[in-house]
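Structures given as structure tokens follow.
Heads up, the next two complexes both have chain A, just with different partners, chain B and then chain C.
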Partner chain A sequence: MNTNSLWKDAFFRLTKDKLAVASLVIVLAYFIIAILSSLGLIASGWSQEVGASNLAPSIDHFFGTDIFGRSVIMKVIRGTQVAMSVGVAASLIAIPIGVTLGALAGYFGGWVDDFVTWLYTTFSSVPNIMLLISITLILGKGIFSVYVALGLTSWVHLCRLIRGEVLKHREREYVQAAAAIGGGHLRKLFRHILPNVSHIIIINTSMQFQVAIKSEVILSYLGLGVQGEPSWGTMIDDAKLELVRGVWWQLAGATLAMFFILLALNILGDALRDALDPKLKGK
Partner chain B sequence: MIKSIVSFLFGIFFLFSSCSKDRSFDERELHLISPEKIAGFDPIHASDNYSANEMGKVYEGLFEFHPLKRPYELVPNLAESLPLVSDDGLTYSFKIRAGVHFHDSPAFKDGKGRELKSDDFLYSLKRLADPKLQAKGWWLLDDKIVGLNEWRNKYVAAESSNYGDEIEGLRKIDDYTFSIKLKKPYPQFLYALAMPYTFVVAKEAVEHFAKEFLNHPVGTGPFVLPVFEQTNRIVYTKNPTFREKFYPSEGEEGDDKSGLLADAGKKIPLVDKIIVDIIVESQPKWLSFQKAKADLLEIPKDNFDTAVIAGKDLSPELRSKGIRLFANPQLDVTFFAFNHDDPLFKNKKLRQAMSIAWNRDEANKLFYNKAAIEAQSVIPPGLGGYRKEFKNPYIKFDIDQAKKLLAEAGYPQGKGLPEIKIETRNETVARQLIEHFAKNLDRIGIKIKVSMNTWPELINKVTKRQHQMYTMAWGADYPDAENFLGLLYCPYSSPGSNGANYCNPDFDNLFKMATVLQDGLERNTLYEKMNEMVAVDVPWIFGFNRTKFYLSQAWVRNYKFMEFNHSQFQYLNVDLEVKKELSKKF
Partner chain C sequence: MIKYIIRRLLYMIPVLLGVSLIIFVLFNVVSGDPTAVLLGKNATAKQMIDLREQLGLNKSLFAQYLDVVKSAFTFDFGYSWATKQEISKMILQGALPSLCLSAPAFIISTILSLLISIFVAYYRGKGIDLFVRVFCIAGMSISALAYILFFQWFFAYKLGWFEISGFEASFPELISYIALPAIIWIVLSIGPDVRFFRTVILDEIYQDYVRTARSKGLSEIKILLQHVLRNALIPIITYVVIQIPSLILGALLLENFFSIPGLGGMTLNALNASDFPVMKAMAILSSVGYIIFGLISDILYTVADPRIKLK
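Take a look at the complex of A and B:
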């Protein structure tokens, strides 16, 4: 008989999936690059001129140079730092909001549920990008606004999932048993129910992370994101005009960087769901 | 590789579309492109350049700009001559041409166009002031003509305005003479009478078509358009009853040589038809020109490198088709403005240091294909007040001098200087331009922060004085340096057009003196003095006077760039022989 815990079991299942492992390695690699860049160990000289304007990729300049003769690869790395930090910060804001509201609504039901349901339906009825733009316009521009804007707009999906799960769990025997031995609401909710639905948070985070990265790119492309720092979005914005002249390397650098992390997060998200919630496998 | 994919796609497009034959060799047709939809044909609403261009084909005003002479010269159009101006500069008497008729239209008795009278001008000017019509061009006459504001205010709350009222400042003398009395001297007034807002309309047409008037233009102009339908094509035909108007026999030096005087003395309009296709996107515009479906084209920014080699010569492919390139310096100036409310910028040496630390030559290469001219001061070349010999010492890139000036300003190597924030438009090139500026200033130790804004946001910040610095470009409304010098006139500070909130009493005194003077040597001398005074004071960091590039097909004759070009099309001609010959190449 298998005596492993849920987590160990899930980890075992995950490692059997080669694609998932590869994705995990890619995601970890991006994290390492982002951390090294934020510590100033790599790409700190991104703003320096390394050659002439718009040099094509070569041995010296792996991804060529931009209009000001700056290295595109360094800008890609710096952009990685921005993208990953946005993913982390947005998740740190969105998860507590989504989990708390979802759990309270699912557990207590009644007017609390009505209120939370009303809140998230209202939020989700406004097109996400409009909401993002309005928030960045109110908060002013800069990376901090992007963190807050993305955090405040991306809790809805998680909240809805947690609410549904908690609703299901609160009638289960183990919760009734907890009540029978005198557990209060908070104990039942946070000590017993939440650990049993926590896999949803992990699955959701990996999905949400990529939404945050994509949104940051869109905002920066529109000029509402980071200012004075390279971002994949501003690089694509630059490329818009350069393409007709045959300068494709900035676009290639930014989109390839984006492509690999988004693909990896997507595959990882699926694999995590399969590993943590085997009943859903293949659905 | 990308280039080859693009050309492959073009190839497919051509393959499927080359079957359509759209060329006529019997009639002189001029094919043009309008990049925006036209809102309608009521002159009082001609606020954008595109509508103005269309209205200029059917409507006319008292004056127009000479199609060849530069600097721009105002010449009589429906007026017989330039007006008589009273000694105090307030009363203008206009004599209009006799024998000018409106287009034939069902609005008139028997459908025959009636003769133009001075009443028509008074009526048209009153329409501009009519509160019921909410004319977009009202600002042009606001507080300018004696009694006109009072007439307007009288009818704000009324059901309709009474055009029969006498207005002191608008007086009919006889059928061909009328006078306008101004509240205060306004030498730019004649320019207002060359703008589409003041083009003349017929009362009968306005009343007959009522709400539909904007779709039934009835003017005196060289072309007719009986009905305007909101489609993607507008077809104008020659006005059969157009008066005797002739192609000018003199122009600027060199016009003769370049063939611009070949049609001198001929009756205009020279073409039988003008076909305007409305094409908004730049790629179809480009394709349309390449297939000779358009005769003139402003080169879309992204196609510049395909059309122009090394920033100046036409590509061999286009040259083989006889296509000609026109590089046209614009009457505009780009700038980084300081907000002089900020005590930091009271320091002249700091402003000068920032100005010479910017490598304009490099910026010109990166952003304008080396085709822009470095702005010496606020007045662009081509306007009175600009002196070719004058060179601004504070625009020449000199990093050592910049460091020295910065130290003298009290910030050696930028120490003690806070980060400076520059507001700009949310647009790729605008952002890159500031990034370039910031990179340059970083070398002498000045830190610049970019702040991107939507257009309304930027205007709002400047109007409310919430900016530290901002960047923008200013284009001429009319060919008078007053339009540019006013950008630095203290009483026009925010929310007015002086967004830099620059105040210089000496400059202001000269401005007051100059703006009431009529065009002439005295005024130009004052303009020059003001222009050179502000150049060394560096109220802005001066940028560039830009250049636009146009292409014309080989068969188009008499094309010369005009900044204020709504009346230009009647002077253009089409050489059918050349067209027939060269069309084979397309």
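Take a look at the complex of A and C:
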């Protein structure tokens, strides 16, 4: 079986699952909103006053207005941009680190394996939240620190998975065959083994994406995240003081926006695992 | 077995050296000069030099790293920059309020989740199973912050059933303060817990020995409790034991919202005050806890499953 047919097969299986397709549509919609917002095509006027202070939701203002009379729905959209960018950036940092280290450790074994195992054991020994707040504190508040902090914490799990899987594949016949026709280490590892374990990257990324979004909201709530821009976390922080005055729509807006993307990623992650890892199917 | 434990204990040394290295690199190398932050804008050069001397920042980097390593093995973390108190004393003071909240909440939520998972595993594939699964995934998709804010506003402020915030260390009064954060903790953990326990239990239910047990005529309840649960225990033990060190750290956010003077709240205060020594101490302490409980969960494996011989 070549790699194409696994992916095709997986895609076919995924499209049969209506819930998974719906989740995929939601995730894509969030990406489109985030891209449009970052291009300034929507919600670019989020910082402008659109009405009186703290207006309740109505036909004119779907999610009402905040204390400065700014539209809450526009802030939710800007928050979407922040959340999705954090997910993408964290993955872009974590995947190269995790895959490279995991593949090298699993393939070469010996002292390389000892070193990588030590490295991820060390990183996973510091509780995630401590590492996240420490890194963002040290690098200075802001979205860039959040990217780095999440990238540096989320490679660990992927690295461990890739290492284990490469370890299993190393001795398989197809790798021996590649060696027999003169394939070197790099060729065997990157041309033959990695494509066969790459489904793990996709499954893991759909899970880490949720962690990234949740962490960004908490870091922003703590004042460590994005500065001078709305984020779901800072909106919830605002709501902390507003709730006693009956202003619930900032909290509702941010929570709802977060709810749908996390729900979709959750369902999609499960569906991807079932589709891409047939051994787990039925469990 | 003894050999294994000794080897694992020895492996703690390089891992602790590594943890110290991460913390050292973050707080002593990347962070730059903290004296400017500590003294404010009007600091004179002389003041800054004196303070650097006082905080031990003019030592060589290697000597500073050794200080971090030493604190990881002796638990002597020095003094807080913000409160000037001895940090090990602050930690001892904060541990009790944290445990008052986290220990009962953790025990109740684990037992409750386990019971729910056994219940839905019994009715697997039926309506109630689907309902619980949807409920778990939906519950996990709501931000922890939203739960805390809403519960605090609704049950404490609106209905007045609980104290809005605060803490008292004497027994009956304690309950009105920790009940609500504990309930929120339980609500937050049930989703992921049930989801994990259910998967683990169902992994076992399709094994051959279950079919054998069924063909012997055992009742489904007996199979679940005596056979399946026993085998599912290993992943459950790891999952549960590995969470114990985080109990000491408490729930950062819950303690913050409810003004509970525990370690989580202390960590967030240190974060806001850029109190590096306290942050370092909490990072080291929680890492040590994580490493020790990782070892304990490995040893418990052999108790749960005598077939596993640790080498």
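Note that the second predicted complex is superposed on the first by the 278 of 283 C-alpha atoms of A that agree within 3 Å, B and C clash if a C-alpha of one lies under 4 Å from a C-alpha of the other, contacts with A are read in each partner's own complex, and residues count from 1 in each chain.
By definition in this document, a residue touches a chain if its C-beta (ideal position, glycine included) is under 8 Å from a C-beta of that chain, and two chains touch if they have at least 3 such contacts.
The shown structure was predicted, so the numbers you read here are calculated from the model rather than taken from an experiment.
Taken together in the superposed arrangement on chain A, chain B and chain C clash. A count of residues in chain A touched by chain B and by chain C gives the higher number to C. Of the two partner chains, chain B is the only one touched by A:Gly228; chain C is not. Within the superposed three-chain model, A:Leu262 lies in touch with chain C and out of touch with chain B [touch as defined at top]. Shared-chain residue A:Leu241: touches chain B; no touch with chain C. With both structures placed on the common chain, the touch criterion links A:Ala103 to neither chain B nor chain C. By the touch criterion defined above, A:Phe68 lies against chain B but remains apart from chain C after alignment on the C-alpha atoms of chain A. Contacts of A:Val146 after superposition on the shared chain: neither chain B nor chain C is touched. Of the two partner chains, chain B is the only one touched by A:Ser47; chain C is not.
In the superposition on chain A, A:Pro127 contacts chain C only, with no contact to chain B.
Note on the superposed arrangement: chain C collides with the chain B stretch 279-287, while the other options among 27-35, 279-287, 369-377 or 477-485 stay free of clashes.
The residues of chain A shared by its contacts with chain B and with chain C are 137, 222-224, 240, 243-244.
The touching residues of chain B, when paired with chain A in their complex, are 1-3, 6, 301-303, 305-306, 366, 426-429, 431-432, 435-436, 438-439, 442, 449-452, 457. On the side of chain A, the complex with chain B involves touching residues 47, 53, 67-68, 137, 141, 222-224, 227-228, 234, 237-238, 240-241, 243-246, 248.
Listed in rising order, the residues of chain A touching chain C in the complex are 118-119, 121-127, 129-131, 133-135, 137-139, 214, 217-218, 221-224, 232-233, 236, 239-240, 243-244, 251, 254-255, 258-260, 262-263, 266-267, 282-283. Those residues of chain C that touch chain A in the shared complex are 14-15, 18-19, 21-23, 26-27, 30-31, 137-138, 140-146, 149-150, 153, 157, 199, 202-203, 206, 245-246, 249, 252-253, 267-268, 271-272, 274, 279, 282-283, 286-287, 290-291, 294.
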